[in-house]
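Here come two complexes built around subunit A, the first alongside subunit B, the second alongside subunit C.
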Partner chain A sequence: MSKIAIIGGGIAGMEAAIRLSALNFEVHLIEKSFILGGHVKNWHMLFPDLSSATQLVEQQKNQLRDSVNILLGIEVIRASYTNNKYTLYFSDGSSNTFDAIILTTGFKLFPAQRKEEYGYSIYSNVITSAELEEYFQTDKPLYTKEHRIAERIAFIHCVGSRDDKVGNRYCSKVCCVTAVKQAMETARRNPGAEIYLFYMDLRMFDRQFEDLYFQAQTQYGIRFIRGRLSEVSEKPDSRLFLKFEDTLLGKPLRLTTDMLVLMVGMEPAENTGQLARLFNVPVGNDKFLLPKNLHQYRNLTNQPGIFLAGCVSGPKTIGETLTDARSAALEVYNYLNRN
Partner chain B sequence: MKNVGKQLIWQQYQKEIAEDHFFYVRSCIRQNFFPGAEATFLRILKDVLHKDVYDDPAHTTCTGIGYHTDIIPLETTMTVVARQFALMTEKGYKNFIPSCVTSFGLYLEILESWHNHPEVLNQIRKYLKEATGRTFELPENIVHASDIIYKFRREIASKAKYRLVNQQTGQPLRVVEHIGCHYAKMFPHKSVGGAEFPRVLSGIIEEWGGEVIDYPERRHCCGFGFRQYFIKANRGYTFSSVKKKFDSMHPYSPDLIVTNCPGCNVFLDKGQYVISEQEGIVYGANGYGIPVLTFEELAGLIVGFDPWDIGLQVHQVSVEPLLDKMGVWYEPEKKYRGKNNIPLGQPLQPTVLKTF
Partner chain C sequence: MPDFGFSIQSSQPIDLDKTYRAVYNFVKEKEPSIQRCIYCGACGATCTAANFSQMSLRKVNLLLLRGQIAEVRQLVEHCLLCGKCMLVCPRNVNTRKMILLIHQALKMPLS
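Up next is the complex of A and B:
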């Protein structure tokens, strides 16, 4: 039986493992943390249908067959390739040999403190979209750190994305619709709150995204301002003082808010560069791994037996990630049955 | 507000500041507006810190004001700057300290240009040689004068006669720090602390016992902006900027403003007079303004120099309320006495702003 290593236990890794174990391959799912589920396990609900993220992750875990060998708390530190097989050496001192490898290490969130002017980790009422999503698990209204109900909240799009200053020119794809979804959820929890979204473009590219955007405006009264935030300061009462430009009005403006949510984008996971070196897979200008080509071979790399799935090759929605993982599983199947 | 976040940022913006043997270049305007500041800096370096510093009378303007108002070609500016470096080289120095923040930014900009375009550097070497017969080396270390005071802030504190503490209440004085735009906004990694939360003055203030006020318009320009003030029709921008800053800091009741830039010092100090005349508004307590000191003047006060020797009598806003809070000893009758006790005359009184 052919042996496959899947490196990264997020939803892409789990999905590929589910598909390949169903095809009776011996699958080893390797995750450096001690929990499967990646970023999605911390998410509250998913756009555009507002379904449960936990449920998705739990369903995947339940589908992982007994044939999948799940290795938690382990990292690949070295690799070698001989006779069409890869030997992986792990951080616990063990090693194993595989016929194919899928890299599914995903992404890390942009560290918001790098946008120094937004005051994350300095002003207590500046939070990230990931922190807000985690807070939503509590089902409470949104309070400031001083325990006041937040009456005015601003969401800032493209924090760490499409931003030359931080070195990330690419779009992180999911933040626009996440902001709309989170703004609606905030409006539901804090009725009467004024909610502002500051965007460059609203990239509502997928099915039902536009509907969500429309609903946000018509049912929840969310205000969309096309413009960029230039800086944030704190007032004596801990409210936040925002300076921004409304690019439709062509005017610099100021706004005082109770809270600020930074829609942090995606960056390659910490170990992406290391994996690129281990398996000799090139990275793009965006530092995500490059597939063999961007059309027919999105899951293949320039190395035999090395495949990509999910956000390791660039930002993707959950739907795209799962489809990508299934596609990678099929490519692995074809590769192992090529003779 | 969480200081730990600022500390993480500060860690990313540290730079090498030379220990000794400095070649000092003065500002064009400071000797007119705040004539004691540069003399105080040299006195601190020589007499308090016992450093070797050379103040060359042959050096000239860096042309920064002309450069930023587009009246001097860049090649001319570069050649003048090359001449300053030639003077430094001739005197055997490698560590270059500009007094002025605009000059500091300009020197960095030119060095960066030469680094990226060596052919321009070669051309400028040729121009300087043809015009003056001089050659030059690039500085090994170039920092702003406020970086030097930051580096030696603890040593100065150990020799301090006074602290930034209210002698009546025992509470830290509340201090606004204002950093000149060209100190860090052009090259954040050439600063101490970066452009968003600069550390160079806040580190000094905290070391000397004060509390730094982080107010919403802290980063806003003082309003000088070269084209704003030098073009008469645009001066409204200057004073609206000044007013915006004072309106924003007013709720925090600052005892003192400290700056590291010649222009900022002028507009934050004398701007209070303009606003008081135009708007009838005064921002300090009891009808007085908020005293505005340069970092050198503040260092001079801390180590016990006579306030009138460091030129505090030529400030628009009276410094006496600050001196009284700090417990600084001074002779009021000597405020307008010059060398050998010669009377300098009394300034006219503003209509609204109270002065001593």
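Up next is the complex of A and C:
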């Protein structure tokens, strides 16, 4: 029986493991942390249908059959390739041989400290979208660090995305619609609060995204302003003073808010470069792994038996990630049955 | 000429068929980074001169592209060359060089 290693136990890795174990392959799911579910397990609800993130992860975990060998707290440190088989050497000293490998290591969130002028980890009321998403797991309204109800909140798009200054020219794809979703949720929790979204472009590319945007405007009165934040300073009362240009009016714009939410983008996961070297897979200018091509071979790499799924090959929505993982599973099936 | 009590407004639309791109092309050739602009307005947000004038480098770049040279001339006059726009630009446009080249192209003295 063919053996498959899936490196990364987020939603992409789990989905591929579910599909391949259903095809009766021996699947080893390798995760470096001690818990499955990657980023998604920390999230509250998913755009555009506001379904539960936890539920999605739990459903996946339930579908993982007993036949999937789940290895937690383990990393791959070395690999070798002989006779169409890969031998992986793990951080616990063990090793194993596989016929195919799927890399599903995903992404890491942009460290907002690198955008120093936005004041993250300097001013207490500047938070990231990921922190807000986790906070939404509670039922509480949004409070400032001084325990005042936040009456004015600004969301900043493209933090760490579309920004040559931090070395990330690419668009992280999901932050636009996440900001709209989070703004609406904030409006539900803090009725009467003024909520601003500062964007460069609103990329509502997928089904029902535009509907969310429409709802945010008409039902929640979210204020959309086209402009990019240049800098943040803190006032003596610890409110935040923001500077923009209203680019549609062509005038500088100033705003004081209680809280600032930075929509942090995606970067390749910490070990992506190391995996690229280990398996000799090329990376793009965006440092995500490159598939064989971007059309019909999105899950294949230039190496035999090495496949990609999910955000390891660039930012994706959850729907796209799951589809990508299922497609990778089929590619692995075809590869293993090639003779 | 008799006074009819009204005057004729000059034509407002920008006619892209007749756009004067010579100044833009001059600047672009010497400083190709101006092509990277995505008109986000971070420059205008941080601009010292924008507090007291209509200055915004985003606007200047767009006006150059549309051949609105008279307006460009008015705007760049206010620039103090402090370079804060260079610090915040997410696309690394060499904004100071851009201003200097516009002055050069329009034969404006640097005040």
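Just so it is clear, the second predicted complex is superposed on the first by the 339 of 339 C-alpha atoms of A that agree within 3 Å, B and C clash if a C-alpha of one lies under 4 Å from a C-alpha of the other, contacts with A are read in each partner's own complex, and residues count from 1 in each chain.
Note that in this section contacts are C-beta pairs under 8 Å (C-beta built on N, C-alpha and C of every residue); 3 or more make two chains touch, one makes a residue touch a chain.
These numbers were taken from a predicted model, which means no experiment stands behind them.
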Thinking of the overlay built on chain A, is A:73 touched by subunit B (first), by subunit C (second), by both, or by neither?
neither
One more residue to check, A:122. First (subunit B), second (subunit C), both or neither?
first
Considering only touches as defined above, state whether A:273 meets subunit B (first), subunit C (second), both or neither.
neither
Looking at A:282, would you say it contacts subunit B, subunit C, both, or neither? Reply first, second, both or neither.
neither
After superposition on the shared chain, which partner residues are touched by A:113: those of subunit B (first), subunit C (second), both, or neither?
first
Looking at A:221 after the superposition, I want to know if it touches subunit B, subunit C, both of them or none. Which is it: first, second, both, neither?
neither
If you tally the residues of subunit A touched by each partner, is the higher count for subunit B or for subunit C?
C
Look at A:231 in the shared chain and tell me whether it touches subunit B only, subunit C only, both, or neither; answer first, second, both or neither.
both
In the superposed arrangement, what residues of subunit A touch both subunit B and subunit C?
117, 231
Which bits of subunit A are touching subunit B when the two form their complex?
113, 116-117, 119-124, 231, 233-236, 238, 241
Interface residues, subunit B side, partner subunit A - complex:
1-2, 4-6, 8-9, 194-197, 214-219, 251-252
Going by the contact rule at the top, pick out the subunit C residues touching subunit A in the complex.
36, 38-47, 50-51, 54, 56, 58-59, 84, 88-92
In the complex with subunit C, residue positions of subunit A that touch it
117, 158, 162-165, 200, 226-231, 243-247, 250, 252-253
